[in-house]
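By letter and in written order, the chains are A, B, C, D, E, F, G, H, I, J, K and L; residue numbering begins at 1 in each of them.
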Amino acid sequence: MSQITSPLPADKQKTTGEALQGTVIDLLDLSLTGKQAHWNLIGRNFRALHLQLDEIVATARTYADSAAERAVAIGVNPDGRAATIARDSRIGGLDAGYIEDGKVVSAFTDILGGIIGRMRERVQVTEEADPISQDLLIEITQELEKHHWMVQAQR
Amino acid sequence: MSQITSPLPADKQKTTGEALQGTVIDLLDLSLTGKQAHWNLIGRNFRALHLQLDEIVATARTYADSAAERAVAIGVNPDGRAATIARDSRIGGLDAGYIEDGKVVSAFTDILGGIIGRMRERVQVTEEADPISQDLLIEITQELEKHHWMVQAQR
Amino acid sequence: MSQITSPLPADKQKTTGEALQGTVIDLLDLSLTGKQAHWNLIGRNFRALHLQLDEIVATARTYADSAAERAVAIGVNPDGRAATIARDSRIGGLDAGYIEDGKVVSAFTDILGGIIGRMRERVQVTEEADPISQDLLIEITQELEKHHWMVQAQR
Amino acid sequence: MSQITSPLPADKQKTTGEALQGTVIDLLDLSLTGKQAHWNLIGRNFRALHLQLDEIVATARTYADSAAERAVAIGVNPDGRAATIARDSRIGGLDAGYIEDGKVVSAFTDILGGIIGRMRERVQVTEEADPISQDLLIEITQELEKHHWMVQAQR
Amino acid sequence: MSQITSPLPADKQKTTGEALQGTVIDLLDLSLTGKQAHWNLIGRNFRALHLQLDEIVATARTYADSAAERAVAIGVNPDGRAATIARDSRIGGLDAGYIEDGKVVSAFTDILGGIIGRMRERVQVTEEADPISQDLLIEITQELEKHHWMVQAQR
Amino acid sequence: MSQITSPLPADKQKTTGEALQGTVIDLLDLSLTGKQAHWNLIGRNFRALHLQLDEIVATARTYADSAAERAVAIGVNPDGRAATIARDSRIGGLDAGYIEDGKVVSAFTDILGGIIGRMRERVQVTEEADPISQDLLIEITQELEKHHWMVQAQR
Amino acid sequence: MSQITSPLPADKQKTTGEALQGTVIDLLDLSLTGKQAHWNLIGRNFRALHLQLDEIVATARTYADSAAERAVAIGVNPDGRAATIARDSRIGGLDAGYIEDGKVVSAFTDILGGIIGRMRERVQVTEEADPISQDLLIEITQELEKHHWMVQAQR
Amino acid sequence: MSQITSPLPADKQKTTGEALQGTVIDLLDLSLTGKQAHWNLIGRNFRALHLQLDEIVATARTYADSAAERAVAIGVNPDGRAATIARDSRIGGLDAGYIEDGKVVSAFTDILGGIIGRMRERVQVTEEADPISQDLLIEITQELEKHHWMVQAQR
Amino acid sequence: MSQITSPLPADKQKTTGEALQGTVIDLLDLSLTGKQAHWNLIGRNFRALHLQLDEIVATARTYADSAAERAVAIGVNPDGRAATIARDSRIGGLDAGYIEDGKVVSAFTDILGGIIGRMRERVQVTEEADPISQDLLIEITQELEKHHWMVQAQR
Amino acid sequence: MSQITSPLPADKQKTTGEALQGTVIDLLDLSLTGKQAHWNLIGRNFRALHLQLDEIVATARTYADSAAERAVAIGVNPDGRAATIARDSRIGGLDAGYIEDGKVVSAFTDILGGIIGRMRERVQVTEEADPISQDLLIEITQELEKHHWMVQAQR
Amino acid sequence: MSQITSPLPADKQKTTGEALQGTVIDLLDLSLTGKQAHWNLIGRNFRALHLQLDEIVATARTYADSAAERAVAIGVNPDGRAATIARDSRIGGLDAGYIEDGKVVSAFTDILGGIIGRMRERVQVTEEADPISQDLLIEITQELEKHHWMVQAQR
Amino acid sequence: MSQITSPLPADKQKTTGEALQGTVIDLLDLSLTGKQAHWNLIGRNFRALHLQLDEIVATARTYADSAAERAVAIGVNPDGRAATIARDSRIGGLDAGYIEDGKVVSAFTDILGGIIGRMRERVQVTEEADPISQDLLIEITQELEKHHWMVQAQR
């Protein structure tokens, strides 16, 4: 079977591929968790958070796609299957059932904070390995830190 | 904690809630599987299938949202978390790595065929239980059967 | 004077016509009541509810028009004059003057709940009488139940 | 309960508030009456009048909203409830049932003529009381006189 | 040669397929007849009818496509060739040459009335056979009955 | 009955009218045949051809309308009724049932080639008779020759 | 003062320049006359003609601009000043005051018929002189003959 | 022949009608003169002025229409025929042939200055006569004074 | 250096110029203060106020531009430099650092209230001096009073 | 290897193919030269010319594509490779480095004048050979002569 | 009072915060200065510069917002109040009154040159401190250097 | 002659200027080569590749413009004339005449692979020299590597 050739040597491809695959998992799970809260949310701030969560989901979906397509562009197969997300995701997740607005604010402050920490590491390790991929990771981190502020500002 | 009151009596709410939750899982996993193939696809028909898979993903995302919001509107909590999808989905899934275009055609013919079978059962059981929800399930089935034909026509 | 011929026999036309006229009155009064609250609302949640009420009004206006045009299409004259609404509407209405945000949430939870109850009866009685009209009534009920959830989630 | 402070002294607020409330009633009833004719119209000129009535309704709805929001902006509660319209409106109204195109033309020539007369009085009394509100009333009158001409030109 | 598999058993597929093929023929002939009148129309009401006929043609084209794609989605080949339309259509048709506006109104009142009668039978026979297809037929009938009213209102 | 006066003398009107009527028949049948293939198509190239056929249909519909309106503008009644198309069309047509992608390519290469031949004759005979109509026929031929190339390039 | 050089020899420039200047005068006066009728129109067909006249005015303005810019592109100064139009226009014009709808139909049938006659002469004389300008004159004539048919069809 | 009734008494109607008719003539001639310069302009600043003149023409056309429709709405017939413009316009006009950019700047500074002077008188005389028309005249003057500044700033 | 000539005599120009310059300063400072709060806001109502402040800023920027361009159109130089704003603004301003949502509501109720008071004086003094400028000031006041109500309604 | 069949006999195909290939080269080089000036331009008229050059480039790119696709539609291979342009182009070209605005005006007056001369010859030779291609060449010439005037008007 | 947590350690937060605050001041003052020149500009190049200045203002406003929101996202309060700008800005500013076009070109060449110098320093100091913020500063510098070229090219 | 001042010292300007000029040549030749294949392509995959090549051309044209404008912004003259491209381009190019789809896939896999190699060197050498320009080169490389994957995936 033909393969996609990589512009990177093997070790740099491996480092970069792992950073991108980690990003794909973080963002896909963020999109699922964001929708889970979007649906089960209750409380006085329902409307504001319901809309805000959809903007977070939109960011997560767009950049999961960018990171996965970037992975295959350097010859690494992204894996975004449900079982892989369930196994590899480091997002703590939400309980089933209704979620009060205040809890959504703290949960997503933590979830976004966690992803941002991992993204900043990925930015660091790809600086040498692949500045082209690093630039995408920086752009994603910028967007996530903006959402982090806007969620957190409601505490 | 306050709850959403249901326009349905308990037994009809239960039947309808299960049909909607089953739909949510089918469609969320379809969206993840569709993206997995969208990224890892290779072969002469790459471009046509790459675009077609994104249309399937768009349908899956839109109606997963409709079905989940319909569930909460009848007082049932939808569950679309990664672990729940991984546990409950009856979609067979794809192997990791590159996928040839011909395999994508057969895989999605099967996946869509399977979902359609389950959707038609859900349409049947909700006829009595909740014609309002049934109407949404019919609309979703119509869209899925259209995608099923358009994938299958390429065999 | 010429009249619009009906595709329905007289008894089915009568049943369906009453269901549609009832819908027209419910939705026109919902649109007037929604605007009344949109204007006189006060409280911390002003902005969210002010915007949400306008979405309810938009739904009410669009479907009042659909239901009325559906009535005339089956040869029944819809009546949406102010005096008719004032006389026939079963929506409890609002007091004059400023309305606090919390009261708007409970008032519209009740108002929407009442309309939904009547809509579900109309869906039932038109199943035999005119499935073409029933389909429109189902679509309207779907939209109203979505608004009902989103208002109620703020309690 | 908090209230909206007014930029106007009490007497000017009262004069202006009455002019705006009168406008709200006139325009809401115009929108209901316009729809009533839009639905029940018959005759050779059906299509032209059906569309023209919807433009009149659009004007009526837009400016009813502007006038009501202007009222609350000067600390006066607008009242647009069905019972208030039915009680206070000075629009003669239409009979139930089909309405021939020629009758629609004369009815709306009269209805618009009546509203315009009242609007010109409101423009006069607010000149002193509140030039900011007067400017809105002038704009509304301009639009209504344009519709008046275009309906009347068909006689 | 490969074929499209059907979600329906053979007898239900046959019933549904005939209903859809009948719809395709009715709507394609409606689109051709509508254009014939759009071009050859004369009389005082030229402009209103010229535009209205194009809206009928747009409806006919859109739903002929939906019905035909629905047929192939259940494994039945739609047939919309000129000879098939000429042979199978039950629309009476128009004489060649100029057509006066009054005649267009009566001709399309009859043509639409005829199609609506056949559509309501198709809605009935597919209720059991395929509720997914029935839903599309209901939607088409709704649109046609709206056009029927608006043409007829001009008599 | 009033008639549309022609800017052309009788013989030139006749020549031009025949060229335009021939164009109307060719393009209407092309639109019906294009849809027939759009629906019944199967094979590896399904998606590309399914979309390309719709672009051909769009061209055919747009210019059938232009040619027919041009005919009536010179006082000649276009005839686009199903029976006329079935009787006069020189397009060979397609067999009923599924059509493989390769056959679609050859069939439409032939169909478009045939129409182009007739269009070039019409361009020639109208040069003298009516340069205004000729200009439209040239524009149509340009578009058809572009489609001809793009279908043919796939052989 | 610098001048625009012409791609044409002097005699051809003169012939073409006169054809274009004649077109400019015809179209500018058509735009003024069309607006005059648009404003002063009365009668049952008011709305249809009021809108149709604005489409004629839009055509006239667009192509007056094209013809004038074409003139200067071949080094000839177009003259569209009010006094020139008043002096040179061969359009009969309208009486002051209200104009009944029937009179508008005959007046514009004549006005457009007159311009079309002059345009066809201009098309003929520029065939030799400048085929580039002739192509624009053909396009303008096509549009005017379409308006001519649509006005005339209402007689 | 039916007439448009006026909301104004005869003397106020006369005063206002003259102000509006004067405005129509000024603006129609401004639109013709603006196009004349748009076409015949030469010089270093060609592009800036060519575009700016088209914005002036757009303003002139839009408000000529508003003023004329306002006139008929108060029962006065606007007159915008070429001969009337040529006879009544007080705009000095331009010489035939090429016009240098510097001359365009001074000519339009003068032309706009002249119209503004007349508009300010019309604003004054309509204050009493018809504040509804006055509001339109004020809006037109505002736009013209903006163009006046932007032309003049280039001197 | 050339200057912009004024349509106003010197004293009226001075009065009007001061009113416009005061407006420019008020609105520019409102836009800066609005952004300051938009960025530093915290609290439960973060999202609603964050968006609402941007709408206030948009209004402020748009009308600062209109007022400044109006000033130069009457020959008066607007001054919107940072030092001038800092020196002349009568808006109290905000403290540095985070601002709680409740404080934003009271601060902007006061700020808008203050500007409205000054705008109503400017409306009064320009009535005689320049009704054209007055009309713009009225429009601005209308918008500011709407924002004032919508901020205040949240107390 | 399959080839595109031509609707033209060999000699007419050759004549037309050469005219189209010449057009492709002229327009591709115009697009490159236009960009070269767009980037390296300096002088007082920078902004106007910078924007105007991009409009010329847009015209050149659009019609180079049309002419090349027209060539292949008649079975002739267009050649737009850099080496072919460099070898065959008859556009004199520009010196490297900054170009003053005045020089850009004279250079593009000459370049466009040269292309127009060659286009008019191509229009002539294709009249017999292929009126369908001629029509495209006429349209291109029309656009180029408009740009020629607008560049030249700035001298 | 709650605060926004920073993803950066204190020293890096301080360095980055100062770079962002400096950017906010530079860009807000650029937007005010740009408007000042946009309004008070005179001279032959008025229109080109008037439009170009608005593009500079749009850039300045957009990125002032981005930089300020970036600051708060890392837990630093941006300060964009008028007094702060007046105190801290290092942009020289403009004199009051009319400004000739040539002076605008030199003034903005200097102003943009100065900001670019400071931006390049900020890019350098944030490379270590926060590559996420650095990326935004790079993007801003890119845009400013483009404006710098386009202003300067007009000297 | 005035020149554009550079924000860079001479050696860094030289390094960066060469990287940008190399990019301009690569991308302009890619745009020409992409169009050459877009026109002369044949084979089963015609439609997919024909569209994909136009997306590559769009990317090439957009970024050639960005790179060239970036060059002049740092005071270096870009050179994109046909002769320069023909002389300096390192893209191998295509043979004249028809090109089969499979060959297009290999040719563009190679061409894009070659450009990507050179772009990654340019990214490296500009890291020190000019991080502002480097950021643009990174963005271009990201886009090209995406196209490279999507072409290659079809092998």
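Before moving on, here are some points about what is shown:
We adopt the following convention: a residue touches a chain if its C-beta (ideal position, glycine included) is under 8 Å from a C-beta of that chain, and two chains touch if they have at least 3 such contacts.
Since this is a predicted model, take the numbers as computed values, not measurements.
The interface of A-I is repeated, with over half of its contact pairs matching by residue number, by B-F among J-L, G-J or B-F. Set against one another, K-L and A-C show the most C-beta pairs in contact at K-L.
If you average the Cα atoms of chain A and of chain D, the two centres end up 53 Å apart.
Per-chain CA centroids place chain A at a distance of 49 Å from chain J.
The distance from the centre of chain J to the centre of chain K, with each centre set as the mean of the Cα atoms, comes to 42 Å. Of all residues in chain H, those touching 2 or more other chains are 2, 4, 42, 45, 48, 69, 72, 135, 153, 155, listed in ascending order. Interchain contacts (touch definition given at top) occur between A-B, A-C, A-I, A-K, A-L, B-C, B-E, B-F, B-L, C-D, C-E, C-I, D-E, D-G, D-H, D-I, E-F, E-G, F-G, F-J, F-L, G-H, G-J, H-I, H-J, H-K, I-K, J-K, J-L, K-L. Residues 1-4, 28-29, 32-33, 35-36, 39-40, 42, 61, 64-65, 68-69, 71-72, 77-87, 89, 93-94, 96-98, 100 of chain A touch chain B in their complex. On the chain F side of its complex with chain B, the touching residues are 41-48, 50.
If you check the complex, the residues on chain G that touch chain F are 113, 116-117, 120, 123, 127, 135, 138-139, 141-142, 145-146, 148-149, 152-153, 155. Partner chain C is touched in their complex by these residues of chain I: 45, 48-49, 51-52, 150, 153-155.
Residue ranges on chain H touching chain D, taken from their complex, read 2, 4-5, 7, 69-70, 72-74, 131-132, 135-136.
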